[in-house]
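In the two complexes that follow, chain A is the common piece, with chain B as its partner first and chain C second.
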Partner chain A sequence: MARIMEETRKAFITGNEAVTWGALAAGAEIMFGYPITPQNEVMHYWTRLAPQYGKGFLQTEDELSAGFTVCGSVQSGKKAFTATAGPGNVLMQEPFGMAEAMRLPLFAVIQQRGGPSSGTVVYSQQEVTLTTFGGNGEGHRIVYSTASHQEIYDYTIKGFNTAWKYRFPTFLLGDGYQAKMREPLEMYNPEDRGIEMIDTYPLIGLPGHIGENREPQHLCNIYSLEEELYEVVMRVSAEYEAISPELVEYEEKECEDADIIVLSHGVVSRAADDAVKELRAQGIKAGYFRPITLRPYPQKQLREAIAKSGAKKLLIAESAYGQLDRLTKQEIYGETIKIENLFMPGVGIIDYDIISKVKSSL
Partner chain B sequence: MGMIAPVTPKSWYLPSKPHKFCPGCGHGIVLKALGETIDELEIQDKVVFGCDIGCSLLAWNFFACDSTQTHHGRTTPVMVGIKRSRPELVTIGYMGDGGGYSIGSQHLLNAAVRNEKVSLILVNNTNYGMTGGQMAPTTLPGQKTETSPFGRDPELTGYPTKGPEFLAELTSDKAYVARATVAKYKQLKRFLRNALRNQMEGNGFSFVEVLSTCPTNWRTNAQQTWNFLEEEMEPYFPVGELKSPFGKGDK
Partner chain C sequence: MSLIKIALAGEGGQGVQSIAEILAEAAYNENKQTIYIPNFGLEQRGGVSIAFIQFSDKRIGAPKFNKADVVIALSERAVERTTIYSDKNTLFVYDTGFKVEAEMLPQEAKKIIGIAAIDTANQKLHPRVFNIIIMGAVIGLTNVVSFEAAKAALEHKLAYKFEKNPDLRDLNFRALEIGKKMAEESLKEGVANNA
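And now, the complex of A and B:
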């Protein structure tokens, strides 16, 4: 694989630019996309950089087409990706469902904007349910929720590897704030950090001669019998569950003796981190827990944090009206810890909001 | 006050003025012509104005007419839904070239084939204005946009969509199909009037593409803007009536 950077370098760039560089460093070969704010600049940077590195790009007629062209491209063995947001993410649920059903190594970046409908072009965390469980399936997807530009870069690289290693559609879930703001980060070639990029391979268009040294490939996503589909879904579910323990990622701080654990994801976790530090400084025993993978969810680790701390309360803070809350509750069913909420759909959350909520909850 | 206020169409909604389009934008000219036409046909109370997501969305409260807004590319089916349910209403769908020819192209094609009795106005500014100037189906060969930074290469992305030509082939003789330009105001008004009359007389599908300006994303000054419209766009997109139940086409 061609080296994208001479050496590791520091940069001060937007999150969308970090996606583009991460994708280049990961060896992505082609992007398919359709304009939508706040994701546009991923395409803008890609269209400028791609020719220099011999990469492909197509602006499709809409997001359905962008998603399905990625499905086609990865079947043919190319490291393809797309990026979208909001109503575009809604339309892409159809191709994402195909990727789930056919175990396609699709990688997509989602920069959440306000919803429902056209909503705002700015920011939200309202695409959690859609990205984790969208489509007419069982949520057999892997979703990384990033909180910084360094993570955007790191998880773009990792996302391609996860998709190709496990063959479940993989998502980087960012948001408009992360997409548009500038922040310092370190960009590197994966091999310089000991990261081995997984080789891609075609599922169709295979080498060899049919009937001589290979069989024809017949990929499908529809079954005649209920039992056939049942077998497939049960097998895929079992595989998904089997790999989940090695996939889950999370961050936990100050939970050992916490009276209250603040649970958040994505960019809101930065406010939560600051809030917990400030609360500790004021003598309030607050803890911090952040799922990095929303699918699969670090439910075991969260249960352990609750158990070891003996915390009485869990505060779930999100820029949505209860999407992380629902996801968390279904994952930790049976826990008796009292759950408090800070729901601010489509607007940012700062440390002050969390500190006030914690104080009024205790 | 001693100042002479410009004559504004009665069908304009004054609390939303001045409008929110960029200086030099063609959308305002199209909407002025449409407002005057609505006044002349005395249909203000019967009009349902529907706008797409694109810069057309800035017109969501432009008229003192009942108005609605939908998703990017979906104005055509929303207008069809209204017209099929309440044929006495005069439905006007207002969209951009991205909304109409790209993401909403299947709706446009099928509405035309079914001869849906709606009037659609599509503003061709050769780019995706609202999202910051990406390539549109109408971007001219060699034209630089945010997603064709080295100029549109027809080898890679084909030639610009000629909407009216394509729709004229698909529609029955009852349809009205034309291309106007903001540079020829009287003609623009005549075409809009015909497109509305065609719906009101129960003939069928009516479509007007309007060549328009987007100085913000073209990054042009006033003179360059006008030059691009008249010297670059018009030769590629010929203006005129391609199909009209009201007699000989006006080329």
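And now, the complex of A and C:
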């Protein structure tokens, strides 16, 4: 694989640019996309850089087509990806569902904006439910929720590998703030960090003859019999559950003796981190827990944090009206810890908001 | 340096986002932690353009903030739009080149400062370096970046223009210096303190 950077270098760029550079460094070959704020610049930067690195780009007629062209492209063995947001993410659920059904190594970047409908073009965390569980399926997906430009770069590289290793559609879930803000990060070639990029492979047009010297691929998204579908979904569910423990990622701080654990994800976790530090400085025993993978969810680790801390309260803070809250509750069913919430749909959360809420909750 | 939060607001074309980007790059070049985010909503189309910038020695948390240490509002509408970012710790700066009624200015501010950047640009320099005067003013008020780092970042950003017309370099650097001095004077004298 061609080296994208001569050496590791620092940069001060937007999150959308970080996606583009991460995709280049990961060896992505082609992007399919349709414009929507706040992910537009992923496409813009990609189209600027693609010709210099011999990469491809196709702007399709809409998001449905962008998603389906990625589905087609990865079947031919191309490392392909797309990026979208908001209503675009809604439209792409049909191709994303196909990727679940056919176990396609699809990678997509979602930069959340306000909803419902066109909502705002700015920011939210309101695409959690949509991205983690999608449409008419069982949520057989892997979703990384990033909190900094460094993570956007790191998880773009990782996302391609996860998709091609496990063959479940993989998502990087960012948001408008992360997409548009500039902050420093370090960019590197994966091999310089000991990261081995997984070679892609075609899923169709394979050599040999079915029944003679190879098995059929069974890339199928429709079945004639209920029992056939049942068998496939049950098998895929079992496979997904089996790999979940090795996929789960999370961050935990100060939970050992916490009276209250602040749970957040994505960019809000930056404010939560600051809030917990400030609360600790004031003598309030606050802890911090952040799922990095929203699917699969680090439910075992969260249960352990609750158990070892003996915390009486869990404060769930999110820029949505309860999407992380619902996800968390279903994952830690049976826990008796009291759950408080700070729901601020479509607007940013700062440390002050969390500190105030913690103080009024205790 | 502890966390410094700045909101720069103006009309489209006043160059607010450009100077925010240059300031943020200058701070980044000085190995400071920096986050810069523009407002990019539909409001941007015909509305007030706002740049949110934060500087610190330590990792910066949330990309936006409720209250700023410094607000600079460069039009009547920008004043109206940004009073919400002002509280008792805020230096609220506006340009005296447009009419602002006293009741439009924020109720709460550490200090309200009027500076004549538009007039100075038009009369002494060139209308196009108005935003560079403002950039100088930010440095004069906060010292978020050194004067030298700001010059270097300007040089980097405008290299292609300076190459074509070397006089522009001098014009921009003078604007930067004048802005810085105007701000420093205003802090000393407390001119136009309407708070």
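Methods note: the second predicted complex is superposed on the first by the 350 of 362 C-alpha atoms of A that agree within 3 Å, B and C clash if a C-alpha of one lies under 4 Å from a C-alpha of the other, contacts with A are read in each partner's own complex, and residues count from 1 in each chain.
Heads up, the rule we're going with is that a residue touches a chain if its C-beta (ideal position, glycine included) is under 8 Å from a C-beta of that chain, and two chains touch if they have at least 3 such contacts.
If you're wondering where the values come from, they're calculated on a predicted model, not measured in any experiment.
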Contacts of A:37 with chain B and chain C, given as first, second, both or neither: both
Chain B versus chain C as contact partner of A:47, first or second or both or neither: first
First (chain B), second (chain C), both or neither touched by A:95: neither
Chain B versus chain C as contact partner of A:135, first or second or both or neither: neither
Partner chain(s) touched by A:348 [first = chain B, second = chain C, both, neither]: second
Contacts of A:122 with chain B and chain C, given as first, second, both or neither: second
First, second, both or neither for A:159, with chain B first and chain C second: neither
Of chain C and chain B, partner touching more chain A residues: C
Contacts of A:182 with chain B and chain C, given as first, second, both or neither: second
Contacts of A:169 with chain B and chain C, given as first, second, both or neither: neither
Touching both chain B and chain C, residues of chain A: 37
Chain A-touching residues of chain B, taken from the complex the two chains share: 53, 57, 71-73, 98, 102-103, 105, 128, 131-132, 134-135, 137, 146-150, 157
Residue ranges of chain A in contact with chain B within the complex: 34-37, 40, 43-44, 47-48, 51, 57-59, 61-63, 87, 117-118
Parts of chain A lying in touch with chain C, wherever the complex brings them together: 12, 37-38, 120-122, 176-178, 180-184, 267-268, 270-271, 273-274, 348-352
Touching residues on chain C, where the partner in the complex is chain A: 21, 24-25, 28, 33-42, 60-66
